[in-house]
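Read through the structure below, which is laid out as structure tokens, and then see the notes.
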Amino acid sequence: MSHPPEQTHIDSVGTYVKILLALLVATAVTTAVSRVDLGAFSTVVALGIACVKMLLVALFFMHLRHSTKLTRLVVLGGLLWLAILLLLTLTDFATRGILGVPGK
Amino acid sequence: MITAAAQEREHYLNASYGLKSWLLTKDHKRIGLLYLATITLFFFIGGAFATLIRVELLTPQGDLVSSETYNKLFTMHGVMMIFFFLIPSIPAVLGNFFLPMMIGARDLAFPKLNLLSWYLLVVGGLFSLYAMLAGGVDTGWTFYTPYSTTYSNGYVIATALGIFIAGFSSILTGLNFIVTIHRMRAPGMTWFRMPLFVWAHYATSLIQVLGTPVLAVTIVLLFLERVFHLGIFDPARGGDPVLFQHLFWFYSHPAVYIMVLPSMGVVSEIISTFSRKAIFGYRIVAFSSVAIAVLGFLVWGHHLFVSGQSLYAGMVFSFLSYFVAIPSAIKVFNWTATLYKGSISFQTPMLYALGFIGLFTIGGLTGLFVAALGIDIHVTDTYFVVAHFHYIMVGGALMGYLGGMHFWWPKMTGRMYPEGWAKLSALVIFLGFNLTFFPQFILGYLGMPRRYHVYPPEFQVLNVLSTAGASVLAVGYMIPMIYFIWSLRYGKEAPANPWGATGLEWQTSSPPPVHNFEETPVVTHGAYDYASLMAEEAEVG
Amino acid sequence: MADHAPTETLALRVQFDTEAQQKDAATLGMWLFLITEIMFFGGMFAVYTVYRSWYPDVFAIASSSLNEIIGALNTGVLLLSSFTMVLAVRAGQLGQQKAIVMFLILTLLFGGVFLGVKAYEWNQKFEEHHIPGQAAFHLDGVLPGDQGHAQLFFSIYFAMTGLHALHMVIGVGILLILIVQARKGRFSASYYTPVDVAGLYWHFVDIIWIFLFPLLYLIDRHLVK
Amino acid sequence: MGKFQLFPVQASTLAPEVDHLLYFLLAVTVFFTVLIFGAIFYFAIKYRRRSENELPHVQHTGYTLEILWSVIPFGITMVMFTWGASIFFTASKPPNNAIQIYAVGKQWMWKLEHLEGQREINELHIPVNTPVRLTMASEDVIHSFFVPAFRTKQDVVPGRYSTTWFTATKPGKYHLFCAEYCGTNHSGMIGWVYAMEPMDYQNWLSGGAAEGSMAETGKKLFEQLACNNCHKEDNSGRGPNLVGVFGKQVQLAGGGVVTADEAYFRESILQPQAKIVSGFEPVMPTFQGLVTEEQLVQLVEYVKSLGPKPGTGPVDNGQKPAPKKSSNAGSTPANR
């Protein structure tokens, strides 16, 4: 059979509490940081903190750490396709008007 | 007539009877037949619309139906054919039935989810049928805003809801296939021993899972804007209709690969079986399916060259569109190379497969025309594009579907179809198809726009030719419908392996038992190993 | 074996060979479903990205009309619900029947609180005439010519938070079913897949909110004192 | 009417270029179709099954062949791409000496307007051998200005201007179609483009019963709508002086510079606060819904007619010198 052996690794409650606290702190930080004028950089910081929180939830709460390589590949694939949608759509909206001809 | 022994042997058809045994079945084979009945109904509804369109276009004036009705005809033709026939056709019928058998599994990973997928397609279909009977929708199958959100007074929401629900049938089928292929292959069935039909469905499922949700959210946004007047694509409030087109085509271009990739899988099986030779370049053909699925997501902008997209985005998408053409070309070359030094026999499935290669080649090459920016300015939104995608959809996907139906009909029903009639209808379909759609290439370059109820008189001759072809094509499609049903009662008794094919599905009885195999098969050799197959038959025989 | 279906247990359905294979298939299936959800919300993030790049100032003003303290607290509530959900899954792994039921109920409560706060925020928007598409729409601090662009922001706000809330409601439904089954002792250390899979879904909906909160509530708050 | 034809007439400078690319693509298509069909028929006949248990010897996979038939087609497609892209680039950039004509697409008719004031419905008279630049707007849904004989097509998206251009080479009467589905009478939204010798065009222009050029109509509108209360030519008005502004760089309040083109003026009339000239208050009311697209193009023409007074230095329209800030005007949404 081609399925990997399943060793159910059970995390301790302490780990989950630490992760929860980290998430709550990150939420407070991102709320506070948004008041500081970082110019264009503020969006990058906000997204950065959100990505960190996403990783915490995904790796610990969703047990990605103990998951099969295939599951991790699936997650990466999903994020890659989201990037394809966003980036290729922006190739249009970011280059509008450069030619100086209305509508091109 | 039918021998007594075959009659009482139990298989998936006579294991249980009654409506409940069909409507609540969890057997992937029965669900495949349920899908077969459903999409055949939708196909003939869509075909009826096509016939009305072609008859209307016999004359330059709009003298059969009003403009309003004509717009509804081509819209519903598009919606029924794409969302309710072409997208489900091979994956839902042949994929559901044979994918588990080909990899030696007893069923799909999630049988109840599979039954739910069928119900979703039926409910979605009912919504669209309701929309048609209540008054029809006239936005074109593309639902471009702001016409679909503010100016159209057709049943946009009912049809969009129908497509939204049917979309989930496609997503869940794709999900089911991917998990089944990864987790439920028989012992010894490594990735490179799987039939190419399974590879093609793996690639198709990737597209269904990654692309369809974006169509779902586009429909939700369209729904929110039309019903609750949220201003997402509304130009008056600073929104951009071209953004709708981006989201729509992000799914709808990969959707054309959902329609054609399964047919490619069927053709690979048929070409190999009837040349009694392994496919030339097995791994290349397998990887080209996945390459088409991946690259198919990078090219949607070629639908927007003149619709207001920026010049530079047009160049990016045109460049990427040529990348996706290469794997398709590789497949055609490999199929043709498989015939070299083979032992070719010409039963009906082989006729359809050869027809597929020829017509798909023309369809694919004309794709290079519309991907070239310079030519697309002139030919987009004309009958040239209509001809291009009909060559791929009808010449390619539908021929592959019919080929697959004839190839696996003996295994599904335990009956042989009448070979003579089948060859005749294949020929009629091939001729009718070319007579219908080749003139449309010329019409398109002459500049006849698509979706036109009325056209200038100088285009009439080519339109009459096309309508003549359409009537021949309609007859061609009716014949299989008749003899398939006829064969259920009077067809010859089908042996387990009528074509001498190498797939696992041919190593079990026709029709197969409820759990496909007496005991789970162990795979010891490659996908198309005719030598060991002939050796085994020699021992048994 | 051919004439009658082999005996089937919850942990080992007929089409699988081993329990590990079945559990693996369920997990992979749910992750694939979550990928479709990423692409579903991804479409709206694309709309958000385009329009925010076109109308940054109006989006900043509109974003600051939202109460970010309530937003932050609500995010905390959702994170807590994720915490209790993962404890429910852990209880499932250990086969502690009563613990599963307790944590699922806690998760349900936090989810309910989140939806309640959401309903309050939407009602707030209703009173402030920030409902796009209504004639009475008016966002103060934004000039008359740009009211349309403000409507774009609120269209995206209501579309995204609305669909997120819908996913929360579905999640609450799933939790209710699981609570009923858990009380009947259906889950054990060898069969807790439904709880595990429901946990994956719940955490995913939490991750979507983790991105929605900063992108909708915290746009350039420094701009608008 | 037109006799039965198999190939569209070439009536613009773009047409031959597009057709040459078509011939190249046709040649490639015929070559590969004959290659594939020929190979299939030849192999089918030569290797037809002779006996029931005939078993062809197994053939290994030739990677060289695989590389050959992926690299060569890729090379051919790259030629197609670059050739197509170059045509697309020329078809997108109107020459500077093109004469300007305005087109407005409205559910199910094309309204065209020449600078000299001639207005036409579903008909367009243009001189031969002179580039014509069409600035188009839509009043409702998406339409598409398509002249098959010129091989040009451009969707007209509501909410902004779209541009297409062509140079007619052969006098004659050519079809004009709407190519983007726009509702019930989509197939009725058609017309004719008359390419005429320059002399005939001038006679047609002067002969037409125009009640004054677009600029004059625009001037009347400018006064009717009381624009001149604020936009005065002696810089005393509350709004910027519009003389000689068209085509120049305009300093915006809060930094940023933008080129004052048609799209900028159109947006400033409909959404005045989108781009406020530096040193001015955002007091201008919106005219959204008060002016139709046709009136907008007339007002834009009037502003363009207020050409720069000879000899004045950089634009002096009462602008208070604003601090020079690095502008990210770049792709402003004005002409998105």
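Each chain carries a letter (A, B, C and D) given by its place in the written order, and its residues are counted from 1.
One rule holds in what follows: a residue touches a chain if its C-beta (ideal position, glycine included) is under 8 Å from a C-beta of that chain, and two chains touch if they have at least 3 such contacts.
From a predicted model like this one, the values you see are computed outputs, not experimental measurements.
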{"item": "Central chain (by mean CA position)", "value": "B"}
{"item": "Higher-contact pair (C-beta pairs counted), A-D versus C-D", "value": "A-D"}
{"item": "For chain A paired with chain D, centre-to-centre distance based on mean C-alpha positions, whole Å", "value": "41"}
{"item": "Distance from the mean Cα position of chain D to that of chain C, given in whole angstrom", "value": "44"}
{"item": "Separation of chain A from chain B, taking each centre as the mean of its C-alpha atoms, in whole Å", "value": "36"}
{"item": "Overlap residues in chain A, where contacts from two or more other chains coincide", "value": "1, 3, 70, 77-78, 81, 85, 89, 93-99, 103-104"}
{"item": "Residues of chain C engaged with two or more neighbouring chains", "value": "17, 21, 24, 28, 32, 35, 39, 42-43, 46, 50, 54-55, 148"}
{"item": "Touching two or more other chains - residue numbers and ranges from chain B", "value": "182-183, 210, 214, 236, 238-240, 242-243, 246, 250, 308, 311"}
{"item": "Residues of chain B touching chain D in the complex", "value": "62, 67-68, 71, 138-140, 142, 144, 146-147, 151-152, 235-236, 238-242, 275-278, 280-284, 305-308, 311, 314-315, 318-319, 322, 325-326, 329-330, 332-334, 336-337, 339-346, 354, 357-358, 361-362, 365-366, 368-369, 371-378, 380-382, 442, 445-447, 449, 451-458, 461, 530-531, 534"}
{"item": "Chain D-touching residues of chain A, taken from the complex the two chains share", "value": "93-104"}
{"item": "Chain C - residues contacting chain A, complex", "value": "17-18, 20-21, 23-24, 27-28, 31-32, 34-35, 38-39, 42-43, 45-46, 49-50, 53-54, 68-69, 71-72, 75-76, 79-80, 82-83, 85-87, 90, 93-94, 199-200, 203-204, 206-207, 210-211, 213-215, 218-223"}
{"item": "Chain C - residues contacting chain B, complex", "value": "1-3, 5, 14-17, 21, 24-25, 28-29, 32-33, 35-37, 39-44, 46-47, 50-51, 54-55, 132-134, 148-149, 151-152, 155-156, 158-159, 163"}
{"item": "Chain B residues within the chain A interface of the complex", "value": "182-183, 185, 187, 210, 214, 242-243, 246, 250, 297-298, 300-301, 304, 308-313, 316-317"}
